[in-house]
Every structure is written in C-alpha cells, then in structure tokens.
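In the part that follows, the structures are each spelled out as structure tokens.
Below are two complexes that have chain A in common, paired first with chain B and then with chain C.
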Partner chain A sequence: MENKIIFGRAEAISVLIIIMTTQLFISFPRLMAESGGNAGWLLTIYVTLLSLFFFMIISKLYKPFEGKDILDIGEYVAGNTGRILVGVIILITYVFIISIVLREFSDGLKILAFEKSPVSFIMIFFLIGMILAAYYGLEPLTRYSAIIVPIIAAAFLFIIIGVVPNFDTNNIIPILGKGPSELFLKGATKISVYSGLSILFLIPPFLGNYNNFKKTGYYSIILSSIFLTGGSLVYSLAIPYPATTEFVLPIYTLARFIDLGRFFKRIESVFLLAWATSAYIYLSIVLFFIVYVYKKAFKLKYHSPLIMPFSILIFTFALLPESMMAALELESNIFRVFAWIVTFCMPLFLLTIASIIKKKKRVKK
Partner chain B sequence: MVDFIKTVKDFFAFKEPKEIEQFVLKEDENEKPKPEEKSDKKQKPKQKESFISKLTSNNHQKEKEKEDKAEDEKSVGISKDINENLEHIKKVYNIPDNGDLVIREFEIVAKDKSLNAFIILFDGMSDSTIINSSILQPLMLLSNVEVKGKENDLALYIRNHLIPHNQVKMVEKISDIIDEVNFGGSGLFIDGIDKAYACDTKGWLQRSVDRPNTEIVIRGPQEAFTEGMRVNTSLIRKTLKDKNLIVENFKIGKRSQTPCSLLYLKDIANESLVDEARRRLENINVDFIFDSGELEQFLEDSTFLPAPQILATERPDRTSNLITQGKLAVLMHGSPFALIMPITNSDLLHSPEDAYVRFPFSNLFRVVRIIAVLLSLLLPGFYIAITNYHHEMIPTDLLIAIEAAREAVPFPSVMEILMMEFAFELIREAGVRIPGPIGPTLGIIGALILGQAAVAANIVSPILIIVVAVTGIGSFAVPNFALAFSFRILRFVYIILAALAGFLGITLGIFVHGIMLVSAKSFGVPFMAPFGPRTSDGIADQFLRSPIWNQEKRPDYLNVKNQKKQPEISRKWTQKEKKK
Partner chain C sequence: MIIKLKLLLAIIIPCIILSVLSGCFDAREIDDLAYPMAIGLDKGDDNLLKITLQLAVPVAIAGGGGEEAPGGGGGTSTIVTIEAPAIYSGINMANTFISKQINLSHAKVIVFSEELAKEGIGKYISAIARGREFRPSMFVMVAKGSAEEYIRAVEPALEANPAKYYEMKLRAFDYTGFTTDATFTRFYHNIKSTAAQSYAILASVSKFDSSKDIDNDESTYLEKGRDIPFEGDFKAGSMPKVGDIKSEVMGLAVFDGDKMVGELDGGKTTSHLMVMGGFNYAFITIPDPIKEGFYVLINTSQRRNPEVEVSMVNNSPHISVKVLLEGDILSIQSGINYEDVDKLKVLEDGAEEFFKEEISHYLTKIIEEYGVDICGFGNNMKRNFLTWREWENFNWLNKFKNSTFDVEVDLKIRRPGLMMRTMPVPDSKGDED
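So, the complex of A and B:
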C-alpha cells in the first residue's frame, strides 16, 4: 500500500530537514563547540562539504537503481540475507537513536517547564503523538512537515535575530578553533551529524524518479547545513568558547538572552512550541521508518501491528539511561561517532557491489 | 455480553483493513479507473460471513423479498382499460383513506370518439389554474373542435393537439405517474390508451428568494437560495451564463425520490471527479432524505474528522464562483443550501465578500479571520497552560494582575474555564431555540450572570471572562458555521490537554489535529492542499488573496481541464497606455 504513495520533492526535503536539524534543538551546537572550539561553525561547514561529496558518489552509484531503496539493494547484492541484514542494521541504529532522542527531549522539557513531573509522564505525551502519527502513515507526516518546517524555520530565525545584540565577533577568534588537525582530521567523524540522510535511502520508492532523489538529497543537505551552521555560528558568536561547552540546551539558552523591550522579555516559550513540534515530527517519522523497515526486511503484509510493540520497546529503552547526561553521552560517544558508517559507508559498499554485479550480468548477456 | 467481549477483542486484536473504494483525484485524466473495474469492485462478494450476519440473514432475505415486490410494483405498465388504471391508483394511494388526492373524472372527444378520462393530483401541491386552463379546458372543450392532425396514434394525437401544457411526458409505467404526482405534478389517464400523461403542474407555496441569513455581506449580491430546487438552479444559471454549465438530475431516497442536481462546467471540471460525484449520488441507499445536511453526511469522505469536507453555502454567487474554479455543486429539493465539493481548508476560511472588496481589505479580513480561528481554538488552552505551567512566559506585571484576580476564586483554573465555556455553550444553544422576542432577554441574563454576578461572587476571575468572551467572538468571526462548530468541540480537547501538560499538551493536540487534517481528503483532493501537499499553481487565492488581475490560474489540486482563468495580462488597458 505504502509503495503506491508518491510524494513531492518539497515534502521529502521538509522531512529530511526535520530529521537532520532536530539535533540543533538539543545538543548539536555544544557538540560542535566541544569538537571544534571557537570554530564549531567551521566544522559544520566542513562536514557539510564532506557529506555532499559522499552523497555525490552515492547518488551517482544510485543511478542504475532508480526507485529502489537500500533494502532492495541489499537484496540485489545478497538475496534475502542481504535484505534482512541491512534491515536489522538500520533497525538497531534507528531504535538506538529514537530512544535517546525521546529521552533527551523529555528530559529537556523537564528542565524547561515540567520540573516536578516524572520524565516518563512527559515521554508518554511524545509516545501518544508518535503512535497516532505512525498509524496515519508516511503521507500525512510528510505533508505536515511541509507545512510546519517554514514555521519552525521562522521561529528559529526569530531567535537568531533576537540574539544579534549579544554578538561579539571576538568569540569566534581564533577562526580555526582548536587547530586544523582537530578540525579537519578528528572532525571528519562528525559527518555523523548528517546521519538523518539515511532516511533518504529508504524513500526512493516514494520519490518516483532518480532526478527527484538526487535533488532531494542535495537540497536537504544544503538547507539543513544553513540551519546547522547558522545555529552553531550564532551560538559561538553569542557565548565565548569555554562557556559554549557547558550549556545543556544551547539554543534554549540563546532564546533566553532575547530582550525586545519590556513586554517581550520571556520569548523562550515560543521556542518551546517549535521545539516540541519538531520533536513530534522527528520521533513519528523515525518510528514509522522503524516499522516500515521491519515490515520490508521480513516481508510482512502490514506495518500497523508493529507500531505498539516497537513503541513499548522504545519507551523502555529510553528509560534505561540514568540521566539526561548519560543519554547525551550515549549520543555523542556512540551514535555520533559511528552513525556515518550506517549512513554513508553501508550504502557506498552495497551500491559498489551492486554496480559490479550489474556490470557482470550485462557482460554475460 | 457477546457484544461487549467482541468490542474488547476488536479493540486489542489486529484486524485486516477493510477494502474501501477510495477515490484519489489523479494528475492525469487517463489514470482514472475504467468503468468495468468499478463495476467489478461493486459486485465483489463479502469475504466472510460472520456469526451475526448468519443470524440476520433471514431478515436480509425478507428485505430482499420486499425489495423485489417493490420492483414489481414499479414495473406495472399502464392498462388500456381505464377502470383498471383507476383501481390501481386508488389501491396505491389508499383511497378513500387518503384525503388530499384529487381524482377528477371526465370525458373527451378525440378523433370523433368519446373517451373516458381522469386526472389525478394532490390538492395544494399542484397549480389549479394551470391544470384548468392548460389541461382540462382544452381536453373538455377544444377536443370538440375539428383538428387537422395526421397522426394515427391516438396517444400521440392527444399530446400533440389537445394538451397545450408546456411540460408533458408520455409514460408507460404507473410508477412514473406516481413519482410525478408525488412531486406536485398531475397524471392524466385516457381510456383505450396504454400510455398516460405526466404533466408538470407544480404549484405549491414556497418562500420567495430572500436575503441570505448566515452568509451576510456588505458588498455583493443579496440573494439566497430557497427551498425550491428549480428556483435555485435558475438562480445559478442567471449568475453563471455559460453554455457549458451542466445540471444533471438525480433522485435520492428510495421512497422520498427527492430530486437533486449536480452542477458543473463541462469544459473545466475534472471528468473523474464528476464521475465520482455521480457514483456517490447514485449509490445512496436510503428510504427518505429531506435536507442537504443529510446528503452531506452520506457523501463526505470521513465522518469522524471534526472539519467539514463539503462546503454548504446559501449564496448563488458563491456557488457559481466555486463552479467556475472547477468544483462541483449539488442542489437538493427542500434545502436552501448548495453543497460544494471538493473543498480545502482555505475554502472554509473564505467569505464570499473577499472577492468583491478591494485587495487590501480582503487581506485584512483574512488575517483577522486566521487570528480569530487561533483565538477560538487555542486561547482558553493557552490561558490554562500559562497560568498552570509557564508563568515565566508573560510579563511579571500581567502575571501579578492575573494571579491577584484569581486569588479569591476557590476553583482551579481548569474547572473555572470549563464551567464558563459550558455556560457560554448553554447560552448559545438556548439562544438558538428561544423565541425571537425573548432573545435579547437571554443575552442580558447571560451577560449579567456570567459577566458581573459570577465575578462578584468570586466564582470566576475577571480575566477569565475576557478570555471566554474573546474566544466566543473569535468563533463567531469564523466564516463557516460548520468549521466554527468543529472548533467548539476541539476547544474543550485543547483545554484538557493544556491542563494535563501545558504547552506540551497543546503541541500534542496541534500535531495530532494537523496530522488528521493533512491526511483528510475531500472527494479525493487533499484537505490541506496547496500547503500540504504543496501544489504549484492556484495559490493566488488561498491563505491570502493576491490582486484580482494576478489570479491567472485555477487551483492545481483540482486537475481541471482548463487551468487558465485569465491571460497573464488581464488588464489590457495597462498595455495600451504603455504603447502610447
């Protein structure tokens, strides 16, 4: 049924932007500051260029496989085993990150506005939204993203403009931060900030043709990079370096700086709405793709019976870290270090082999 | 007990999704399903025979027998023997129990033969003057005059020369006469002819064309539909003088046989959309139907979505305008509202006046309306969220003012607002039912009790009165009554969500509400188009309205046959001036 859905490029780009930029609201600017010092924003540009380069290679390799997702390619390379293996790898990655993000968002909200509520209570609200949206399917989620992304972008822009009076250009000097080696060698693994791109390799059947796939990839990376670079640059400009590594919720901290006269002093609540909305969309899309990948990997007929069991699993995993800091550590030390393997290396590897097999088949013919 | 266990089981167990005939308005005309496929789907037998269906199968059989009997009655032909026909009519109409059926027996002379005849009609529903002057008088008096008719067939001779009435149909079945008589017509039977004459002699009293009641405008036409369908179609024809305007007739209701019309522009409306509307209208199996409100519920895509998916309007000008965009309208006899389909969310937020006032004014109206929608839906929820969870959001002075006003109130704010909203709904409901002259009294009582006394008694805080009042005004500013209704329901949901988790709850509400809206369809058109999904053209008159000369294309999501509404330069005089 889902394969019959074809959605437009604008919807697909909106989904990918949400998937790749939601981290901005949690810990992204701080992680960049930790790795690149004053040059967190430069590091973001660097990893954007890297991911564009990798995507360029992947998209070229993808050309002969129009309309096939990464699971289909796994099947092409190694039959059922290949498909299941790829599916399980993606499942593990997604369940891991969705549990962490659910925990981070819930704990973040607890810090912001619900200091007396247990974290599980906040999580249940997210879970209800995720479950209902996943039942409605991918099409409504993409359409909703297309409507909401410009609004969230406007809220983000509003925060950036509001923080301008706090800018100090001295904060981003030295330009290369911790130095070129830290930035360009060690920093390369930070390409994992674009791990959300892996969703792009699951949506070719919905996107229609190859051209759409390619353009969606480039546009989403470039637009996301504008938000991510903008976020880390503004953070670095407004707060001096050593302090940038200390705030749990960097963008929220920036929103608190906003002072637009006597009435608009506490504008951060606007941030809360944008934040929770992007969280709902992010979590719902990832949950949908978890059940979708499971369904496709194991060739099941329906995906909807899987939503509840996976939601319960995610809820349980999200409660495992002892604190928000433990969850953040899991994200920065494990996910953001290794996610690039699943996002970029796996497709590269599979597509290379698939291309070789295809060429061999052609030669045989 | 069995039902209860079944319900619990149904709730927890996974069921295979039922196959529902879903219509999607596709980009390409060629993509529309072939008629053979449709009929195959319609004839698809039910897959499983459940326990309950087995129990009720006996009833189904009886119903089927009844239906067959009714079908047999319908196919009864007209006899050459007039007495047989008379007896049949008397039996059908339960004469003499039925008091208002008039059976007038008389004699006519045709082709030098004297023939018995009778005419039937309902007293009060037919126009006696027309019957007397156009049917009875010619038949009884003029039939004696020599007429140079060449026809050998007596039935044809009588129709062509003796009945000067303008709308006469020769029919062969009694049921056709009954349908006509039931709808104010009259049926003429003549001895020796196996045909009868169904004459359109409608003449019941009905409301004349009046000013609109619910869609009042300052600038623009001041006419509204009435209960008579032909009056309504003529109102549209009068406004939309286009040869391609098609008015297709349907009858809905097995017994009521209520006439309906489907209106569209043949060279603009998407064909598969017209087919779908036709399919839905032809496949409504109900005994009686009285109003377009009922028809709307039979036609709409989703029953459980709070927002309406069909627009009801009482204005001929608005109906015509929407038809020119490529939409379809359905008129129903007895209803002063036209149903417009497909619609999107923005159609519900537009007022007919938007097109008639100048560009800056209409945009101001629209912005005000959007704010009204947000206020009507979210303001009470926001009040609860701010006073319970997010005190920091508002300036300290305002917070102190709110808290000071609430100090003496013994209820939690959520109880307070639920009480007041309920009281407001109560006044609104009572206001509709209350007889005209007492209406203002209710307003005074409401204002006194809710406004002054409740505050003085420290039951509610004055700020809350402002919140409820602004919410109420907001809901009245929503141009579509049905949409305002959906907000009235959802407002309570948002209040509860805000009481549970402040902004997080409200965001959950907005998210789920949004997902429901974007997944909804109105006759195959996504409800939130052109925003979600994004469509390229026709956004000139959606959220805001661009200048009238800039609205060059019809909405893309309607996939119309002719998308261009006007050329790129519609004000040719601007070009001429440039040349000079």
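So, the complex of A and C:
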C-alpha cells in the first residue's frame, strides 16, 4: 500500500531536515564544541562537505537502481538473507536512537517545564502521538513535516535574532579551535550527525525517479547544514569556549539569554513549542520507519500490528538508561561515533557489490 | 465508517474536555509561590552560608505599598535570613516557615558579601548556572560588609514594586556610568574565560546618618591627585549623602577567577565602560582648562566603539586604547566663552587630557595593582593564534599583569546647550564676574 504513495520532493526534504536537525535542540552544539572547541561550527561545515562527498558517490552508484530502497539492494546482493540482515541492522540503529531521543526529550521536558511529572508520564504523551502518527502512515507525516518545518525554522530564527546582542566574534577565535588534527582527522567521525540521511535510502520507492532521490539528498543535506552550522555558530558566538561544553540543552540556554527590554523576557517558551513539535515529528517518523523496515525485511503484509509492540519496546528501552546523563553519553559516545557506518558505509558497500553483480549479469547477457 | 468516526469522537471529546477544563494535579499557581527579588549570601558560622531573601509581597505591590510587610524591607517586600549549608538547602528550610513555595524565577539580583567574594564564589555561581529558575539577566553584586545588611537597607522610596526598583536602579549605569552591566551571564562567561576576568557591581550601606557626619575620608580623589573629590571619586558606602535611601551602588568589585581581588570607584567604572565600549552617557565634571578652581560640566557620550590593539612588545603585552567621545556643554562655571569656536579646542583638549588621565588611572589599577583583565583585552590578543592549545599555552591571564599601555582620547564638543555665550554678571561695584 505504502509503495503506491508518491510524495513530493519538498515533503521528503522536510522529513529529512527534521530527522537531521532535531539533534540541534538537544545536544548537537555542545557535542560539536566538545570535539572542535570554539571551532565547532567549522567542524559542522567540514562534516557537511564530507557527507556531501559520500552522498555524491552513493547517489552515483544508486543510478542503476532507481526506485529501490536499501532493503531491495540488500536482497539484490544476497537474497532474503541480505534483505533481512540490512533490515535488522537498520532496526537496531533506529530502535537504539529513537529510545535515546525519546528519553532525552522527555528528560529535557522534565527539566524545562514538567519538573514534578515522572519521566515515564511525559514519555507516554510522546508515545501516544507517535503511535497515532504511525497508524496514519507516511503520507500525513510528510505533509505535516512540510507544514511544520518553516514554523520551526521561524522559531529558530527568532531565537537567533534575539541572541544577537550576546554575540562576541572573539568567541570563535582562535579560528581553528582544537586544531587541524582534532577537526579534520578525529572530527571526521562526526559525519554521523548526518546519520538521519539513512531514511533517504528507505524512501526511493516513494520518491518516484532517481532525479528526485538525488536532489532530495543534496537539498536536505545542504538545508540541514544551514540549520546545524547556524546553530553551532550562534552557540559559539554567544557563549565562550570552554563554557560551551557545559550546558545540557544549548539552544534552550541561548533562548534564556533573550532579554529585549522590560517587556520581552522569557522567550524560551517559543523554543519549547518548536522543541516539542520537532521531537514529536522526529519520533513519529522514526517509529514509522521502524515498523516499515520490519514489515519489509520480513515480508509482512501489514505494518499496523507492529506499531504497539515496537512502541512498548521503545518505551522500555528508553527507560533503561539510569539517568539523562547516561542517555546523552550513549548518544554521543556510541551513536554519534558509529552511526556513519550504517548511514554511509553500508549503502556504499551494498551498492558497490550490487553494481558489480549488475555488471556481471550484463556481461553474461 | 461513520460508526468508527463516532466512536473515535466519543473517545477524543471527553479526553479533550477532561484535560483542558480541569487543572493539573500538581499545578502551581502564581499565587501559590513566593518570589525573592534579591538573594544575599554571607558567610555564616561554622562554614555555613547565611542566605537572605527579599521576598515580594504582591498584595502590597498591588495596593501601592501602603501596608507595612512583616520582617522589614518596606511595605512591598519582606526579608528573611537563614543559615544553611548551600543556597538550595536554605530555600528548602525557608519553605518550612513561608506560607508559599519559594520560586527564584523573578530574582533580579544576587548579592555576595565581600568576605565570601574574597574567599571565592565559584561553587555558588555554578549552582546558580545549573538552576533553571535563576535568570541569566540577574545582576551580580558584591556588598561591602554584609549582604544581609545591604538587602535590609534597600527601601525603594519611589517605587512600590521592588522588582522594578532593582531593574531600574541597576540599569542606571546607562546615564551615570558608575556601575555596569554585570549580569549573571556576563559574570559567568568571564570567570570561565581564558581571555577576560569578571567584575560585579559594588554595593554597600551608607555610612553617614546625618549631613554633619559627611566626610571624604574614603574618597579616592587624593590618589588621583585632585584637590577636591569629583562625583566619581567614591565607592559604594562612602558617598557623601544622607537620606531615607541607605543602600548605595557605585563602583565595581574586581575578580581574579572566582575570588574578589579589589574594588574600583565610580570614576574608574566610567573609564571601564569607555574602554569596553559600554558607556552610554553621563554628566561629567572636568576642571576648567584655563581658570583653576572652576569646572566645566559636559554631558559626555561614547561616539564610537573604542579602538583597541594588543601586541607583544619585548615579550610583554602592549595595549593601545583610543576612546572616541563627544559631549554637550552643560555648565561653564568660569564664564569663559568656550562656545567660541577658537576656544572650543582648548576645552576639548582639556577634556581629552582629563579623560586620558582617568583612563590611565583605571588601567594602572587593573594592570599593576590587581593584574586582572576585566576589559577582555585577551580577546584582542587571541586573534594572533590559530589553535586553542597555542592560546592556552600562551597563558594570557598570567602575562596581563606585565602589560604596558598607551591611551588616546578624541573628544568633540558638539552642542552648547541653550546658551551660545555667557555674558558677565555686573554688580553695583562695577565688577563683572
């Protein structure tokens, strides 16, 4: 049923922007500051260029496989085993990150607004939204993303403009931050910030043609990089390093700085709205793709019966970290270090082998 | 389909009604909370912290401050002091005897006692930075003597609302130049910085009870080589004034890391603002360049941001500052026609020389006496480095005390006020003053 849905490039780009930039509202600017010092924004630009380079190679290899997603490629390479293996790898990755993000957002919301509510209670509200969205399917989600992205972007812009009086260009000097080796060698693994791009390799059947796939990839990376670099740069400009490595929720911390006269104070409530909305869409999209991948990997007829079991699993996994710090550490030390393997290496590997097989088949013919 | 829709609505509508029309079980109404406007921290006995909270009395504020609140602090606020191991434990204890739960989200100022500030306030500062309720725009003060005494002396005479009183009083540097924008954000960033150090507003309680007691013993005019004190030659607590308002803010407390190492008077604070580019405008007295014992008053403002260059000369930092000012004449006591284009240059040169001396006094104080870079000159030096490690190894904060400097002031007098010239005052003896 889903495969008959074809949505526009704008919707697909919106989904990918949400997936790749939601981290901005949690710990992304701090992680960049931890890795690149006061040149965290430079590191973001560097990993953007790296991901564009990798995507260029992947998209070139994808050309002969128009309309096929990464599971189809896995099947093309190694039959059912290949498809299931690829599906399981993606499932593990997605269940891991969605559980952590659910925990981080719920804990964040507890810190910011609902300090007296149990974290599981807050999670349930996110889960209800996620479950409903997953039941309705991909089309409403993509349409909703296309509507909400400009609103979140406007709220983000509002925060940036409000923080301008706190900018000090001296904060981004020395320009190379922790140094070239930290930025360009160790920093290369931070390409995982674009791990959300893996969703793109699941939506080719919905995108129609190869050209759409390629353009969606490029546009989503470039537009997401504007948000990510902007967020990282604004954070570095407003707070001097090493204080930038201290704050749990960097963009919220910035929003708290906004103090425009005696009448415009406590603007962080705008942030809270954008924050909760982007979290909700992010979690819904990832939950949908979890059940979609499971359904496709194991060739099931319907995805709906999988929603509740996976939601319960995600809820349970989200409660496993003993603290928010543990959840944040899992994200920064595991997911953001190794996610690039699933996002970039796996498609590269599969597509290279698939291309070789295709060539061999052509030669045989 | 219709049945399904009806079923769905039958579930959704009660859910919406229940969640929207009923209150949260753990809701806290504004009316249920007590809001401290000022928080004072003193060193207590046995290593404890003495916490003073000036709590707003909303009922009295709404009624214009007519009723006297219990505990002192004027009609619109009440003051409590408690000894506890830390800020939050003190608040916890205070919650046991205050009918409402304390909420810090409207705190306008945190006042540290001088004794505590000299010991180091890093541990309290990080607790405040971690707390969600504290606002980053809150001002940081150091009270000479006790923070409790200072807060108890705050009695807004012209304001019913103590929050507004603090907001307006602490923003007064915009038109006095005697304090500065020492918000918590700025203070926190500076104590974490490797290129700048912190400062807080200096506060105290007036030491004079009657106008007969007024003296200038604690004025800084002698160290500046003046015969009489000017308006900026005082620190909080020693201002020559008496009145209902006992509390005073004037000058800065200077920090090395998280420890207070010195004080600056109002005049040096004005110089600090000028060097930082944060000076708005103020009425400033300068000696008459021609007639000794007379003064010219100039409404001075900052024309442009200062030009600051920092370089290494003979292995020591050298700081060059050019301050660009402009002013309007407010008063010429001598009656000399400085409004005259030919004489205007004399006044401008005299004013430039005066400000140059003032700024030099200030820079000498922070470099040679305190050795702390509260201007953030290190940020200019940082531009010469490519990586953070190189910059850290350079150890600017240690090198700063060996700095040399030169100051240039460019002042333009723009307007004469409402008078174009001063005509002499004739008397019966035929003299003309």
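Everything below uses one rule, namely that the second predicted complex is superposed on the first by the 365 of 365 C-alpha atoms of A that agree within 3 Å, B and C clash if a C-alpha of one lies under 4 Å from a C-alpha of the other, contacts with A are read in each partner's own complex, and residues count from 1 in each chain.
Methods note: a residue touches a chain if its C-beta (ideal position, glycine included) is under 8 Å from a C-beta of that chain, and two chains touch if they have at least 3 such contacts.
The structure displayed is predicted, hence computed values, not measured ones.
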*Examine A:G129 and indicate which partner it touches, taking first as chain B and second as chain C; both and neither are also allowed.*
first
*Touching partner for A:A10 - first (chain B), second (chain C), both, neither*: first
*With the two complexes superposed on chain A, say which partner A:P309 touches: chain B (first), chain C (second), both, or neither.*
neither
*Where does A:I173 make contact in the superposed view: on chain B (first), on chain C (second), on both, or on neither?*
second
*When the two structures are overlaid on chain A, which partner does A:D259 contact: first (chain B), second (chain C), both, or neither?*
second
*What is the contact status of A:P165 with respect to chain B (first) and chain C (second): first, second, both, or neither?*
neither
*Looking at chain A, which partner touches more of its residues: chain C or chain B?*
B
*Residue overlap on chain A between the chain B contact set and the chain C contact set?*
117, 262, 265
*asked:* Quick check on the complex: what are the chain B residues that touch chain A?
replied: 14, 16-17, 389-390, 392-395, 501-508, 510-512, 514-516, 518-519, 526, 528, 531-534
*What does chain A use to touch chain C in their complex?*
37-38, 111-112, 115-117, 166, 168, 170, 173-180, 239-243, 246, 256-257, 259, 262, 265
*Report the residues of chain C in contact with chain A in the complex, numbered from low to high.*
26, 129, 132, 135-137, 167, 185, 188-189, 192-193, 195, 376, 379-380, 382-383, 385-391
*asked:* If we count contacts the way the header does, which residues on chain A are in touch with chain B in the complex?
replied: 7-8, 10-11, 109, 113-114, 117, 121-122, 125, 128-129, 132-133, 136-137, 139-144, 146-148, 262-263, 265-266, 268-269, 272-273, 276-277, 280-281, 302, 304-305
